[in-house]
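Dropping the structure in here first, questions after.
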Amino acid sequence: MNTTLSAILLLSVPGYPLLLAFPALRSRSPWPCHIALLPAVILLAVPAAFSVDLPWLLFGSGLAVGERSRWLLAMAVVLWGAAATLLRAPANQPESNHLTTFFLLTLAGSLGAILATDLVGFFTFSTLMGYGFYGLLVNGGEMAAQRAGRIYLALLILADLALFEALLIVAAVTDDLSFGAVHQAVAPSASLNLYLSMVLVGFALKAGIWPLHFWLLPAFRSARPAAALLLGGVPIATGLLGAVHWLPLGEISSPGLGLALQWLGVGAMLHAIVAGRIQGQLKMLPAYAAIFATGLFITALGAGLADSAAGSRYGDLAHLFIVSLGFGLAVLTVGIGWLAARSPDAVAPAKRAGDPAPWFERWPGAVVRWGAQMGSDTLPRLRASWLATAGRLWQTRAWQSALDGGERSLQRWAFAITLLLLLGVAVAFIGALS
Amino acid sequence: MIPAVLYALVGMGLFALGLFALIVHTHLLRKILAINVMASGVFLVLVALAARTRGAVPDPVPHAMVITGIVVAVSATALALALMLRVSAETGRAELPEEPLE
Amino acid sequence: MSWDTGMPLLVLASSLLPGLVIFFLPEERIVTRTTLNLAGATLKLALVGVMIWGALYGHHYETRLPILPGLDLVLRADPLSILFVALSSILWLVTTIYAIGYLEGSPNRSRFFGFFSLCVTATVGVALAGNLITFLLFYELLTLVTYPLIVHRGTEVARRAGRTYLIYTIAGGTLLLLGTVWLYTLAGSLDFTARGFLSGLGGAHHTALVIIFVLLIGGLGVKAALIPLHGWLPQAMVAPAPVSALLHAVAVVKAGAFGIMRVVYDVYGIQFAATLGVTLPLAIVAAVTIIYGSMRALFQDDLKRRLAFSTVSQVAYIVLGIAIVGPVATIGGLVHLVHQGVMKITLFFCAGNLAETLGIHKVSEMNGVGRRMPWTMAAFTIGTFGMIGAPPLAGFISKWYLGVGALDGGQGWVVFILAGSSLLNAGYFLPILYAAWFKAPPDSWPAERSFGRRETAWALLAPPVVTALLTLAAGLLASAPFSPLQWARFITTLEYAL
Amino acid sequence: MKKKSNKPKSITENGEREAPFRLLLAVLLSALAAGLGYAVLSLPSPPPGLSSHVAANLETSGVSNPVTAVLLNFRGYDTLLELGVLLLALLGVWSLGVAPEHHEPPPGPVLDMLTRLLAPLLILVAGYLLWVGAHAPGGAFQAGSVLAAAGVLLLLTGWRPGAGFSGLPLRITLAAGLGVFVVVGVVLMLLGGRLLEYPPSFAGALILLIEAAATLSIGTTLAALFLGGRPEAGPRR
Amino acid sequence: MPWLHWGVIAIVLPLAGAMSCFLWPRRAIPLGLVTALGIVTCVAGLGWQLVEQGAQRYAVGGWGAPLGIDLYADGLSLLMLMATAAVGLGVSIYSIGYFNREKARYFWPLWMFLWAALNALFLSADIFNLYVTLELLGLAAVALVALAGGAEALTGAMRYLLVSLLGSLFYLLGVALLYHSFGSVDIAILAARVESSPAVWAAVGLISAGLLLKTALFPLHFWLPSTHASAPAPVSALLSALVVKASFYILLRLWLEIFPPTSAVLGQLLALLGATAVLWGGLQALRQTRLKMLIAYSTVAQLGYLFLAFPLASITGWTGALYMLLSHAVAKTAIFMAAGNILYFGGHDRIADLDRVVQRLPLTVTAFALAGASIMGLPPSGGFIAKWLLLEAAIRSGQWWWGGILILGGLLSAAWVFKVVGYAFTRSRAPHESRAVPVGMEWSALAMSMVAILLGLFASWPLALMEIGLPFGGKGAE
């Protein structure tokens, strides 16, 4: 296939959904969410590795599809297709119209992240995916969904910040930001540890890995079917994929970090089992499954980081793992959804009353209140009082009377002429002295 | 001391005296007169000092200057008097207000 | 006079002359006025285009007018000025269209557009100034011609804001004057030179040069709204929306930032300034401003005030980029000059649309407004994400270079400032978006005007959409030739003699 | 002004408070007078005047009275401007308003008689003074003053210029001194000299011409100034 | 062909104009305008002549220095003449509309006398002749002030007359002492002969005191505000722009040429008074409730600037002061004209009630604002150039505190300018009764303010003219 055609095809995988995200551009097409997947399907159907360089995009970017990403793409297409089918609702309402927009935005981000060949591209698409997914979560949902969305959004911002820092660290080291180049450049860098921790924290937040899984539970609890179906295959999978892409696996051997990660992973799995058991809510099962699975993933990642030889083999495995995780979680969600439809009681037992705001929501609130007092009260009030004082000073009778009285006495004939005299005498005197 | 210098000293005295009167008196006519006294003092200084040339013809240039000065003083006095009349007709007092009128 | 010497004058005249003519137009000559405005703006854009083209082919555009013995008024198109001129002429065209729509049917329009044109003239003058005294001239001119725009509404609040503005800016201009004269007595020249012209003075005048630097930056910092000189900016919000847009994106605030750029790069020279030890304090001031502005923005309910404090914070990014020694940070500062303008003007356009169409002035009134005005809010969304620094928008590029530059220049702490600021940006912008898109609209808007099938008048709608697209393009196509980023890179090679 | 009533009296108004101020002033002024006197005494002993210059150039000045020579020739420009001052003062007085009407008692027969006798005599004296000024003390100003005295006498007796005279003719008379002076100066300039550069042969005649016009103007002006305002147009008395 | 024709004509022509206006009062306006144009031509011709031939000396009557009277024209006098010509032309045009028929009969001849006096003063090289011109100037100014009628103007005129006479007498006594010390009243000869002696110092004291009184330097400004505020608007413009500057010119001339090498103390004293004037005048201006009083106090402040050059004693400093004088003359003329328009239109000049008037007179407000920008010293304006030069001189001489005064004074001016201009942007109802302002009055105000701005853009030209004959090149140079 010639390069132009392949470039167009690659670009249209995320580009076409993006275009369709504009309501005006899809108003005529009957099945926009499905049609948006068309380029990806075509791409999957053509069994060859494509790549396109886009030097004018951002800092020079590119898209490619290879053996590994083909699997991921396939998983994404299947999941998105299913979700699109679930989503099909009354089309004329503005709410669903919005939902479609968010759906397509998220879709574009998700597919783009899979095809991205460099850090910035991946970052861009995953951010797009993140904000879009927020819209999917929140749009038209009730309070719980909104809260879930809020938490997801806050963590998303934090994650993006961490990743941005990581990006800056990389950019200080190398100009070429494609994955391979970054791995090689960052491995010997002095700020490697900072980079690794930023990347890990960032993607852990994005993928909801224990203990940074704050958003995961509320999201699973409140998400509507289409969103719930995608939770595993889109945010979590993208997060994990990011970790694989960004970490210089195979270039470094860091036993300490590896061991720590492995312990964390084990902890996550234990947490999932114990907490899932205590919770006992069937609808939450996919959430705990996700925690468990990501724990497993982290354990493996730890192993990969600990040893460069293991790390280089780890890549293929990770892709497969992500694919199966996506499918698995989706199947689980759908299954439970089906179950819930049959017997609601089993899925959602008595809902606990008064869900208190967790600590990570309360603290920022306190900070914000404190900031409000600091920022909007104290300083302006200080300045206002200062200005008022200055104004009073100007208005003070003492000043006024000094000015007016001085001028009045200056205007007195006798006074003035005497001054004149004095001046003349002074001039003569000064002159005579010198 | 030759008499010329004496006259000049008298002129200086007149100048100071006129200035005193100018400051002390509030009536405009007195002020105008005071100015004239001062002017006379200055003219006296000018001509008196011109006569320091012992015996010889006094320097004519200051004389001419004084004549010029006198005419100027006369003109100014005339204007001042006319103005004074207008002021007193307008304000009822032949005095200057110490503060600007409002 | 050849074309090369006349060109800067032509660029100035293309807004000056229409402005002067407009003053004398009767209020009801709408068509003539609009034609003049648009013709001027388009002509300027065309001239700037020609100038960019010419500059690439080695033309040297410079006009000199002797003003004092040994001192000329110099208008020159060097790469840095072209960057700013291009920004202002593009945004002027857009803002003019917007203002025509915004002020439809309001009184005193001839006066408004007259000063509007003068304002742009002054800005272009600031951009093209080839030495400090010319800069000072247009900088003060800018003060004078923006005052009528700020007090345009004529209310007591507007007049108070105008007074505050004047107190700040005139005091600032005075400091600038003092610094300029002092500099002139020391250096004997004021011509902007790449990499500065003071390094020869060196140790003998160390203290004097530091004081002069403080004076100059103090004077410029007023317009750039550096803390604690920012007090006028939030108050100036009473001005009509196009004015706020122009003030924040192109004219006043930018003139200050641009001036700081000139002083640091072309008067002192960044390396020499670093030797004097003045760059780090400047960076710290900028950093404090960034955080403080964002903090204040967080708690404003008035939409335009929130945007104003956001400007305080965002413009300090430019200063930060300037103050960090190193080419990458310089690129960041330069490119943010353009990016911030495009993004902020979008936001102000949108705020103006909300006020004009629905009577919305407060954030708390914005619930569900995204459904009523999807295009406006889409543009607004792009603008805010740009401000936050989300990829692939313009703000991302700026923050990227600032961050990398900070690491490059060994100022790692700046990265945390950037992160904190992004967090705060998100904190004060995202609730707006949330309310606009996800909350249910109220039964009625505060003061709704109907525009038929469209959400608002086209002249109000097109400008924010265009600038939003520009925001997107500036980020996405950052590496394409002629992008702001590429131009900033080009300037940086000159300033660092790379 | 409301405040005025309860304000303390100004120090210059008559009263007790004035005394210390006067004393201070007197001391100050005495110091000034003493200083000035000292200055006068310290003047150089052979006076550096211009007598010799005047004497040397008296020949070519056209007159033999040194004061007149200085006044109308050497420093004639001063005199020209000074005539301007005189006219200007009159103009100023006129601009203030119409001459105030004085309802004086009609002059008694003595004054009337005296005036009738004196006026022609004074005019004659003025003419003499004008003529003699060329070589002895006298000249235009002296003559003009005498002329003015005649005018004042007439005015005191109630005479007023007739309507026919108080218009343009009066103004021409008033401006004649300055006018002739300026015209002479400019004509001389046009003839190739400088302003007021009299050719020695015509100097005497020109000076006389100027002086004659000036006498007329000065006399009229001073008398008109005595009137204290512009003469009202229209017939009177 | 003898030289300096142009200068002599510039003196004789207004005298002739005054006489013809006096003789034919009904045709005063055309006669006056023709004269004004003639004078402007003469000044231009003189300028051309000076550029071609350098500084000129002219012996009136052909006698030459010690015996006769000399006229002298160099860059300094030329600049003053040009300022006078510019202001004079503007005021002439403005006055056509301002005065009614009755007032015009007297305004025109008086104004022509004033102009003659100014031209004669700036061209004179003889200190006694300067006395005569001073008196001519003073009497003309007094009569012009009184032209407004009313108690305020008349008392103002009376006070001004007394002050003016007093100042002249001080000056004359000083001249007497100088003459009897050195036997000449010619400036150049005196400059050559002068040496320190008690009589000279007494003369210096008397002359300075007299001239400072006439220049209204703080604290001797007591007569100025009420006089300038109560006079008719064009007269106020003339007084503030030119008349007070004339005595300053004499002081400057004598300082540069005759006064013995003075101690720094005296210069510092003058500058100290000037600085006080700047601040005091500025503050008082802000306290005023009436527009014309405000402007008059601003004149007090602006006069203070001129004296800041004395301790700097450098060419740059003198040039700056002179440029300040020039630009202030033009700008203040415009501002007084604008105030006159406002008064004409609304019938009052209470600042608090200006809003209704100001917004109906956009041209006038523009003139006010532009001229105000020059007064404040904002670029591009003549005031800015002046401030720049003075600042430069202050910093170069190490006496930066005088620069601080300049800055503070500028801020004070800005405060009052915007206090007035701000009213233009309020929206209030039209005044109940108003009188349409003649077009010429609005446009001449605007034209003057444009000149004030242009002085900032084309400064090098007047600055070059100033250098003719090196008026500051002698003792002033360092």
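Think of it as A, B, C, D and E in the order they're written, each chain with its own count starting at 1.
The rule is short, and it goes like this: contacts are C-beta pairs under 8 Å (C-beta built on N, C-alpha and C of every residue); 3 or more make two chains touch, one makes a residue touch a chain.
Please read these numbers as outputs of a predicted model, since none were measured by experiment.
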Any chain in contact with chain A as well as chain C: E
Maximum centroid distance from chain B, chain identifier (CA atoms): A
Farthest chain (mean CA position) relative to chain D: A
Of A-D and D-E, pair with higher C-beta contact tally: D-E
Approximate Å spacing (C-alpha centroids) for the pair chain A, chain D: 98
CA centroid of chain B to CA centroid of chain D, Å: 14
Chain A and chain E: spacing of chain centres that average the CA atoms, whole Å: 70
Whole-Å separation of chain centres (CA-atom averages), chain A against chain B: 93
Shared interface positions of chain C, touching two or more other chains: none
Overlap residues in chain A, where contacts from two or more other chains coincide: 411-414, 417-418, 421, 424-425, 428
Of all residues in chain E, the ones touching two or more other chains: 128, 132, 135, 139, 142-143, 146, 159, 166, 173, 177, 180, 198, 201-202, 226
Contacting chain pairs - touch in the sense defined above: A-B, A-C, A-D, A-E, B-D, B-E, C-E, D-E
Touch list for chain E against partner chain A, complex: 159, 166, 170, 196, 198, 200-202, 204-206, 208-210, 212-213, 219-223, 226, 260, 262-263, 265-266, 269, 280, 283-284, 287
Chain A to chain B touching residues, read off their complex: 408, 411-414, 417-418, 421
Interface residues, chain B side, partner chain D - complex: 5, 8-9, 12-13, 15-17, 19-20, 23-24, 26, 45, 49-50, 52-53, 56-65, 67-68, 70-72, 74-76, 78-79, 81-83, 85-86, 89, 98-99, 102
List of chain B residues in touch with chain A within their complex: 19, 22-24, 26, 96, 98-100
Chain B contact footprint on chain E (complex, rising order): 128, 131-132, 135, 138-139, 142-143, 146, 150-152, 154-155, 157-159, 161-162, 165-166, 169, 172-173, 176-177, 179-180, 225-226, 229, 293
